[in-house]
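You will see chain A twice below: alongside chain B first, and alongside chain C after that.
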Partner chain A sequence: MSEVIVVTSGKGGVGKSTTTANLGVGLAMRGKKVVLIDTDTGLRNLDLLLGLENRIMYDLIDVVEGRVEIKKALVRHKKYENLQLLPTSQVKDKSAVNPADLMALCDELRKEYDFVIIDCPAGIEQGFQTAIAGADTAIVVTMPEVSAVRDADKIIGELGRSEKDNIKLIINRIRPAMVDSGEMMDMDDINDILAIKCIGQVPDDIKVVTSANRGEPVVGESDSQAGKAYENIVGRLLGEDIPFMEFEKEGFFKRLKKAFKF
Partner chain B sequence: MSRDLVTIKGGKDGFRLLVDSSASMEEIEAEIKKKLDENPGFFPEGTKFELEVADLDRSVKKGINQILSQHGLGVELSAKKDPPPVSDEQSQMPPQYFIQHDGNVEAQEMTVVEHTVRGGEEVTSQGSVLVMGNVNPGAQIIAGGSIDVRGTCRGMVHAGAWGDISAVVIADRLMPTQIRIANMIARSPDIMEKSDFAERASIKDGQIIIEPIER
Partner chain C sequence: MLDSIKRIFSSEKSGKVAKRRLQMVLIQDRASVSPEVMGMIRDDIIQVLSKYMIIDKTDMEISLENVDDSVALVANIPVQNMRHHR
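Here is the complex of A and B:
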């Protein structure tokens, strides 16, 4: 049973590409055959997060225009050979691919891979419509911020209009201390507004930035909270029942004190 | 006067005329005349009205019939013999009587939205709107009649958009960015409070007021 997943958000900068890279590596670590497709033509950067830029020979545009076979354009991951990336072009723009092209491509890749994960561009225009065309499942990434939640809401509406009913939510870049002090929207508020199944709560973690610069997604790093959160999401995607983690936001003694107070 | 003695409302099957039974025949007559003169030619001539009867006095019934026939309209007795059973809450309210517009020329419809209305979506209806879900921030509901949200209302709602000042907005949790009724606009406080009970917004004494209701 293979699944085509689109990772989308509406707003830029909430962590679509980071999420795509981490889920891809996470699923590959579990032994799944995974292909990642970057559809952010003209602003590609999924290859950077995976550290694969120097290995790119062909891209998505070459494939849809029939210049090369899909197999030739796929870039294999350095560490996990069951993880492949189909990068896009940095010089063309979104009009170079249309929804029918991507649908055909997904159906082709679906035969050979367990997971096809599509990194969607920001916005709700053509690029978005193309990216979601072939997907069975949509993962909406948002942040505890009014503008990000507003855009996620809009995106969920758009997905509904495109008859994508299997929609899941990841809340990214949470700052537990700010949530606690009431300066950041809490998870209940977000779930109340968006009202779709939440499969992940990822804390804001400095390691995400450093690992992106190194080209090694944070998933699987045991000393990283975000890495653990992504691992949990991978588990949930595979149908495991994993409770949401408690964020470490205060010292052990402070928590102990709190525990005795109640 | 805090409330109208006679109110014309669009129902599922057509227009209804709500009459306050505490009003005298003269008051009702004046009020109906006023309403009909406000919108001359609104009801096609010769239209029969259906009258739902509870314990309306025979003379009052006759009187209403007379007023309407002067305007080329008529009254028809409702097929319904008995009024629906009155619950405790309803019995505390003054009883009301309904005259329904028989033809469906101007019949008002109710739009039922069976899902959450999300940001960027707009629901527009000539009649009333019932939302079985939330109205999220950034969404808009524009209704000729009233708006009922069975959930949390956080978007922009405009009831009575074509001038019906008797339109109301009801929500389980009413915390919209803006409420508009007819030509009046009320905006939310800058710091939104969470409401824990159903509320109704309506126009009273020339301004939009919000009051808790039970449902």
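Here is the complex of A and C:
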């Protein structure tokens, strides 16, 4: 049984591409055959997060316009050969692909892959409608901030209107110390507001930035809280019952102590 | 003015404030309906009511209004005459 998942958010900058990259690598680490599709035409980034920016020959538009076969356009990951990326064009715009194109592409890829994960552009315009067209499941990524949660609600409404009823939520960039002091909404607050099944809460973690710098998603890094959180989400996507982790609540002084070992 | 004084003296944490404000604004967001859909609702209401009464279509008003923290569909429909059913 293969599954087509779209990763979406409405608001930009909440971590759609980071989530897509981490889930892709995480599922590949678990032995699944995975293909990631970047649909953020004109603003492609998934290649960079995966460290594949120098290997791109063809893109989504070449495939859709029939210039090249899908197989030739897929870029294989350096470390996990069961993970492939279909990058998009950096020069075309979002109107170059329509919903029917993407639906046909997903149906084709479904035959060979366990998971097809689509990285959706920000916004609710045509690019969004195209990205969600072929998906069985939508993962909505949000952050514990008012604008991101409001946009997530809008996206959930739009998904419902397009009859995409299997929706899961990931809350990204949580700052546990702020949640503790009551200055940030927690998972329960956001669940109350959005009423969508949450499959992951990912803490804000400098490792997400440093791993992106290197083009190696953080998932599976044992010393990273975010890496562990993504690993848990991957497990939940595979149907495992994994409890939500308690975040380490390291204060500044504790970190300083650790750094200087006193 | 009163609000800002309240804010200075209240100890409500910003996380709770965020949640409360979002719950309010989303009620409005979720209830906002496009003019096309509003037109469809209007036509359907006319169709149903016309079975029982003769209504003045030009003077009728239908809108969604926010009342406190809930939403109401408010309709003002002038009735010209009843249709008599046997």
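Before moving on, here are some points about what is shown:
The rule is simple: the second predicted complex is superposed on the first by the 249 of 262 C-alpha atoms of A that agree within 3 Å, B and C clash if a C-alpha of one lies under 4 Å from a C-alpha of the other, contacts with A are read in each partner's own complex, and residues count from 1 in each chain.
Assume a contact is a pair of C-beta atoms (placed from the backbone, for glycine too) under 8 Å apart; a residue touches a chain by one contact, two chains touch by 3 or more.
What you see is a predicted model, and the numbers here were worked out from it, not measured in a lab.
Judged by the touch definition given at the top, the superposed model places A:243 against neither chain B nor chain C.
Of the two partner chains, chain B and chain C are each touched by A:153.
Within the superposed three-chain model, A:66 lies out of touch with both chain B and chain C [touch as defined at top].
For chain A, the partner that touches more of its residues is C, with chain B and chain C as the two candidates. Once the two complexes are overlaid on the shared chain, A:181 sits against chain C while remaining clear of chain B. In the superposition on chain A, A:195 contacts chain B only, with no contact to chain C. For the contact definition in use here, the residues of chain A common to its chain B contact set and its chain C contact set are 150, 153-154, 157, 192-193.
Residue ranges of chain A in contact with chain B, taken from their complex: 150-151, 153-154, 156-158, 160, 192-193, 195.
Within the complex formed with chain A, the chain C residues making contact are 13-16, 18-19, 21-23, 25-26, 29-30. Those residues of chain B that touch chain A in the shared complex are 115-116, 118-121, 134, 136-138, 152, 154.
Those residues of chain A that touch chain C in the complex are listed here as 144-146, 149-150, 153-154, 157, 178-179, 181-186, 189, 192-193.
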